[in-house]
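The structure under discussion appears below in the form of structure tokens.
Per-chain residue numbering starts at 1, and chain names A, B and C are given in the order in which the chains are listed.
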Amino acid sequence: MENCLIDSAARIGRNVTFGAYVRVYGNVEIGDDCHIGDFCVIGHPTARTGSAPLRLGAGATIRSHAVIYEGSDIGAKLETGHHVVIREGSMIGENLRLGNFSDIEGTCTIGDFVRMHGYAHVGKHSTIGDFVWLFSLTTLMNDPLPPSHLELPVTIGDMATVCVNAQLMPGTQVGRGAFIAAGATAQGEIPAGMIITGPEGEIAGPVRFMMHMETRTRHPWPRHFTDAYPEHARARITALAAEIEAEAAAAAQPD
Amino acid sequence: MENCLIDSAARIGRNVTFGAYVRVYGNVEIGDDCHIGDFCVIGHPTARTGSAPLRLGAGATIRSHAVIYEGSDIGAKLETGHHVVIREGSMIGENLRLGNFSDIEGTCTIGDFVRMHGYAHVGKHSTIGDFVWLFSLTTLMNDPLPPSHLELPVTIGDMATVCVNAQLMPGTQVGRGAFIAAGATAQGEIPAGMIITGPEGEIAGPVRFMMHMETRTRHPWPRHFTDAYPEHARARITALAAEIEAEAAAAAQPD
Amino acid sequence: MENCLIDSAARIGRNVTFGAYVRVYGNVEIGDDCHIGDFCVIGHPTARTGSAPLRLGAGATIRSHAVIYEGSDIGAKLETGHHVVIREGSMIGENLRLGNFSDIEGTCTIGDFVRMHGYAHVGKHSTIGDFVWLFSLTTLMNDPLPPSHLELPVTIGDMATVCVNAQLMPGTQVGRGAFIAAGATAQGEIPAGMIITGPEGEIAGPVRFMMHMETRTRHPWPRHFTDAYPEHARARITALAAEIEAEAAAAAQPD
């Protein structure tokens, strides 16, 4: 903790390590076994007084030049890239991974085991389920008539995938297990388990038909995907996948 | 100013506060009542010698990890997000607000009360009027035949709105009060008060017809918008809005 | 080197200068005449032990808030913007220039004299030839069935140009001297010297027909382009341009 500026009011767990030139403000509770990288700002104050503290769960790895505000509650094992920003007032589950330059704009609700790649921009008041993937440059908007003070935040269901450069228009409700293709624009209600493509956000068919032709590989997520999820996540993946398949199949049936 | 490195040649006003680990170079004039956040670089030197100083107006709030070069002249009450870059040689009006990761590439002219969200990229030599909004991931290009040394910078008229992910091609002249929709590509001359949509940049109609159907709200900007503009901005908004409506109406009339 | 934290194991050449608050880790070899800007992280450790060092060639200029990992080998005269990230395991030629907020994701192969503008995102295992230009917000993907562990990285041939906001789908092979227009989506095999446009990645014709109508300027790259390439690059440009023209002409001929 030489070359760091750590407020004496900050509550810091055991085995917490700091890079160089870290700034930790006072309204902060850091769990055990966290690592905070070089040039990070932890517990950045908000304009309002009396904010809740930043609660950062155990086992976090925060890479350099990250900024995390006071007033968010983040589950265990957060892992961030470099240069990320997490604003105040968000409820975030366990095992969130954020890519470089990603930006969570505040007052969001984010489930467990969410993965975001670089430059992902999550607008204020967004709601994101469990096991959701957001790839690079995805944008979750919230203002249907910009600039206005109307707010129509985006909701993304469990296990949905949003690919590179996709834009989720204000008020989009992405169904569980849906797949928004690279460069697509999604809006309105996206049915569970469906693929959305193109600038008009057309439904291209069910996710279970996705296949990589050269390797004859069916879409491996979520049943066959072997990422480094911890043991206790796997039963949840299996159960959720079954639920989503049933939901998608029911939606595809005429009554 | 402990834990900061501030050149003794820098001219710094009254009630200026600094975060931790701030670097202020010498060729800088900072107005009164500014706050410079942690890990900022203020007055970054350019390659050329004899540059004008960075003049930063009173009341600025610069959030952490920002980089502002020498040789720009910035009006009062600048407010930036984190990780922004402002290069040299720009003339910037009062009350500019910049989102996280936005990038002003230098030698730009920017009016008063401009708002940019995150990852906005303003190419060299761009001209932006008063009360303009640029949402996330908007790009203002300037090279019509990349890579070349031709330069066709973008011009944006007063009170225009450019939505998420819009791309303004080199030489685009956005008329006053025009609205470039999310994901649209604009090029050429955009008439005042018109909506532009889609990858071909088609005119979709006049901005005054925009409405949010669910709430039956007409586009609230600029007449009904109640953002925190200071008192002295409001008379300008009213007068400009009337001018733009007259200009748009005249353009819509056959002779 | 006051206000810096430089590991005593780092090997540092002659005439190397440091900004303020620089962090240099130990597994690093920095060539002569480099400048490392304020708040940079050089030689960031990877998770694995026994990594090769970061080798940074002579004459580099690294601007502030950059992060470069151990385990990459970078040729002479690297020049970066602010807030860039270069991950581990990449082989990079001489005279790479990176714009602000660009991100090279690791284990890439990058030739000589490559230029990238801001927010360029180079996915893992990408291969980029000599004299390639990537403009702002270009994305090189690598996962054809996201999220999966399939890997189909992008390959870009010498002297190709990729314009603002273009997306290169997983497995795209961009031919030498090809031109991917702003906002285009490229996939599959792109013939040498061809222009690709639009969301479907259509071939719009040969690059040699490109012209700026107002100035009657033919596409000046690579024959007439007068950027500040060093003397020894020019003979290579001339020879490569002749090769690519012959390749493109042969591809356009029926047998």
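Rule of thumb we're sticking to: contacts are C-beta pairs under 8 Å (C-beta built on N, C-alpha and C of every residue); 3 or more make two chains touch, one makes a residue touch a chain.
No experiment lies behind these values; they were computed from the predicted model shown.
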Magnitude of the superposing rotation for chain B and chain C (Cα, nearest 5°): 120
Residue-number overlap at the chain A/chain C interface, same or different (half cut): different
Centre-of-Cα separation between chain C and chain A, whole angstrom: 28
Per-residue multi-chain contacts in chain A, two or more chains: 21, 39, 65, 83, 101, 119, 137, 165, 199
Chain C residues within the chain B interface of the complex: 3, 19-21, 37-39, 63-65, 81-83, 100-101, 115, 118-119, 133, 135-137, 161, 163-165, 182-183, 198-199, 210-212, 215, 217, 219-221, 225-227
Partner chain A, residues of chain C touching it in the complex: 5, 21, 23, 39, 41, 44, 65, 67, 83, 85, 101, 103, 119, 121, 137, 139, 141, 144-150, 165, 167, 169, 185, 199
